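Pasting the structures in now, so scroll down.
Common to both upcoming complexes is subunit A, partnered first by subunit B, then by subunit C.
For the complex of A and B:
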């Protein structure tokens, strides 16, 4: 177990190191960061001043090592654009994204698991077709269009939900639905196929033969097995939601991590980009680990082996 | 049941609180753009949002009336050039900063000396580079010693140069610079001013809140503040801005896309107006041959390009409300902008004839660099293709294009420039034609005229020199002016405020009807 854990940790470390190097190079290769920071209309002298002030005239590896040496002491650097420490900036943006991600995943699970189970219990009926339709629609509809549709219906037409911002819980309803809906199809299809397999297996037949209540059979003996791959998928989806909610965050004007990353890339705010990548890489690794642990809890076979 | 009722009730409360923030009944004016503010201190940023807020919360020595364009006394009550390079100003007495301290000559000297220092990191150097030093002559009199005669100095001393209290930057955070060195982040200090509104809260990249200053001095040309609270917030997505302004969550937006303008003006609760901005869109042609042997060095080719482009159609049909054809290489609101120069009306046949005369009867092929609005660049490309000029569009981000401009790699560049909001031709024409890295004309005569104009105090003489330079630029078709960007504003019908052609929003003048 210890060997396994240390291997995993080493892998995580390598993943983070490699992503940060690649990200660092991409940011520098996509144009002159000094020109981006000085902004449009800046004179050449201004740009040179920026280049010297921030050390962009040094070799890339020196700049990279400079950053790494500070990060290991816990100093994530400073946002040159927002003029604040990156730690403080992240502390303001992370809760927004975390709230959005968790709510969106909650919505996705609450919608897709019952639908998946129902579809599996009544294959090739109206219920199955409806859930298939819902899944296909979720996959086919671009998330920004769906988000704008929600905004128009609930924000402008009915005026029951706030349109933008993150002041109250109500502000998170539309973004969570819009983001979560996108994850629904995959989870639903996986639940359905898992349940179909499990419901035909020997132990479910045995459980039925014992005369257990249908509810108990479905939830305890069926779903518990079918849900194992869903847990892994949900973890990946949550990681995706934490890093990939740029569109939704932008539309609903939520100041979260995805939006911050996108903006920071535009303005070459390098230390913020690096810090976000670090956070997302760590989040992915931790979520994957948690999914494995949860699976182990659900399935004794994984636990023992 | 009780629980669900409580949740429902608190939810309704939350909704009403959220949607009722803006508007007349709360005396709270909320305005929104898609910019994320990088500083509240206008000396350390060049965003319009920072300037709009600076005008509301700060005062400069002078005030430029946004409607008449006249200079008026603000923190200075009178001013005089005692010689070519010495400007003396008498200051207003009895003015207090928002932190309660009294305003005097020391504050003026401190602020201007701080930003004029070459190491101050001040963003738009041209505003302060002319200052050698500033002395407090007595409590209410300052003397500005200029490095050279600076005719635009009065313009530079208006709202773009707010006055802060003495010692204002003392608490600027020390942050790590390159190679373990340290630097000061001056722009992180929140402004303390004397203006009609006080800074209540600033969240970088998100919002800025101002509250009316009840103690603002009576006879200010900016007037006493009328609206209680001004809130700026960033909403990135234009569709979201529109949804907010329609439902009253936001009171004012600008940059309304042409396709939405009509829909918004049909709404009973909104006023929709368009006005030109200071941003010009133009082609930079490599007349100097910086990229090597290029057809652009031939006057006939440059004139052919000018005749080939249907500027009226692009300005009116594509760019839309508020946009205007740009006649000369400057913004018409700028001092010294001569617009009575040679024009090249849309005439594709003439363009083809000129190309044939230049030895390109079948046209030629050329790389075309652009960065800002792809649709507008493509319209220009279509016009060029129609006369036989095939272009290879290289659409880049500004930060990728800029090094190419500097490194002599841009034969034709579709560029835009907003003059950093400075209402003087020295900020636009002189920026492009005085031999800097952006100068692809490299005309020594034009350069000499502009440099002389930039330091001549006699205003008529200045105008004459700028006129000469702009005439030659047009005759030689060095750069092809295309259009001035327009902008459509949509705001709460209850709001009474003047839309001005300086691409500013003077919210300190706003009132509820």
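For the complex of A and C:
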């Protein structure tokens, strides 16, 4: 277990290190940061002043190390446009996106795992066809269209849910459903195929041959195995959602990371863009690590060699 | 065998499985009895329907398989009419099953002790510590060294032979009346095979459990079984005591099986062993002839006219063949077919 854990931790660290380099370089590759910061119509002399003030004239690796050494102390720099510490800006936007992502994944799991299990237990029946139909619809329907449909139905027609903002939990229901529905098909199909396999496996036959109740057979001896790839998939999808769904956040006027990223890119707010890239990369790496640890907890063959 | 010592009684068991465009009929009209303290071996090659017969007795066949029987009784209770709930109460409690591949038959996600306790607590109102105690006792009884440690281990930490011993201990948890062992030693090393068979035999004698031993290996049967049921193509083709069937097989298929085993001290080095040409044909539709006719060296035109009925061969033996029962029509060398081309053509006709 210790070997496994240290291997996974090392991998996570390497992923974060590499993505931080990429995050850092992307900003420099997308144009002259000094020119962007100085603004349109700035003279060459102004640009040079900015370049020296912010240290853009130093070698790249020095700038990188300087940036990293500040980042690890929690200092993500200052946004020139917002005139605020990037750490504070992120602290305002991150909770909105995190709430949305977790709620959306929760909705997706709550819908897709039971449906996937039922579809696998009764293949080629009504429930299987219904879940397939739901999956195809989820995959095919653009999320903005689905979100607008929800808004019209629950916000405008029935008037039961708020259509924009992030003040209360009620505000998160529709965005979570809209975002989560998009993640549903993949999780459901993976659950279904995993369950179809595992229910034909020898150890499930043993469980049935020893008279265990159907619930125990399906959940303890079936789903526990089928869920392992689903955990990895869900971690990736949560990472994607934490990256911020620009579309969903914009439609529902949620001031989250996606929204912030989109605005910052438009105004070339380099420090913020870098910080967001880094946060997303770290989120992905940590979620993958958590998924690996969860899988190790589910399957002893992973943790005990 | 009198009715009161009979644990399992199967009469006219049929299994049919619909496939696109047709219906497979892998088990037809099978009769099997197992008495208390008796070991009955069901013998046949792969695809003869012996495993499906076992699964049908356990009520474990998939939904799409149609199972019909004139009678399927455990003690006096008819299982044919049993509800799914009653089936679950009986499985693991009154009937237990040991599977072929111990590497995959245990759930890799749970400790040995947890899996054993789960079964015991499903069938008995018993505390977890008492269930652990009984599991521990049984692991010791089936000859597992350091059973306390094994209880806490996961299946993948045990060897195949140990896992099969765990399966046997599992089968004994609720003191069943009948154990069905489906090829219990096929997946094991030869040296381990003998140990596991000896263990099964000792436990069976000690506990007076009925044992239905399913195997393709006549070598396993000798010294284990009281009676032998030979299956071919989904049908029972011969029934007799172990000694009768092995020493003097009546049905040509059984004869072919017996001729294909080398006998220590009798079979000389370099001597050709017999074999049965061809493979088991797919079982579809009603029988119109003897099921073995395409592979039988004694086949005559009479064998193709109608399906062959089971008949009494004296001494309590049954056979599904029209040959005389005294062995007068037999030729021991008929199974030695060195000519590859004749074997090849037989294979083709057998698969059609």
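The rule is simple: the second predicted complex is superposed on the first by the 231 of 305 C-alpha atoms of A that agree within 3 Å, B and C clash if a C-alpha of one lies under 4 Å from a C-alpha of the other, contacts with A are read in each partner's own complex, and residues count from 1 in each chain.
Note that contacts are C-beta pairs under 8 Å (C-beta built on N, C-alpha and C of every residue); 3 or more make two chains touch, one makes a residue touch a chain.
Please read all numbers here as calculations on a predicted model, not as lab measurements.
Visitor: With both structures superposed, pick whichever of subunit B and subunit C touches the larger number of subunit A residues.
Guide: Counting residues of subunit A touched by each partner, the higher count goes to B.
Visitor: Considering only touches as defined above, state whether A:156 meets subunit B (first), subunit C (second), both or neither.
Guide: The answer is first: A:156 touches subunit B but not subunit C.
Visitor: Tell me which partner A:36 touches in the superposition: subunit B (first), subunit C (second), both or neither.
Guide: Only subunit B is touched by A:36; subunit C is not.
Visitor: What is the contact status of A:165 with respect to subunit B (first) and subunit C (second): first, second, both, or neither?
Guide: In the superposed model, A:165 contacts subunit B only, not subunit C.
Visitor: Figure out whether A:101 sits in contact with subunit B (first) or subunit C (second), or with both, or with neither.
Guide: neither
Visitor: Could you tell me if A:180 is touching subunit B, subunit C, both of them or neither one (first, second, both, neither)?
Guide: So A:180 meets neither subunit B nor subunit C here.
Visitor: Quick check: in the complex, which residue numbers of subunit C touch subunit A?
Guide: 58, 60, 87-93, 96-97, 99, 101, 104-110, 118-119, 122-123, 154, 156-157, 170
Visitor: For the complex, which residues does subunit B have touching subunit A?
Guide: Touch list, subunit B to subunit A: 11, 14-15, 17-19, 36, 38-39, 46, 121, 123, 125, 175-179, 183, 185, 187-188, 203-206, 233-237, 239-240, 243-244, 246-247, 249, 396-400, 402-403, 406, 417-420, 431, 436-437.
Visitor: Quick one: in the complex, what on subunit A touches subunit B?
Guide: 30-33, 35-36, 39-47, 49, 52-55, 58, 66, 70, 75, 77-79, 81-84, 89, 92, 148, 151-152, 155-156, 159-165, 167-171, 250-253, 255, 259-260, 263, 267-268
Visitor: Mind listing the subunit A positions that touch subunit C in their complex?
Guide: Residue list for subunit A touching subunit C: 201-203, 205-213, 216, 220-221, 224-225, 298-301, 304.
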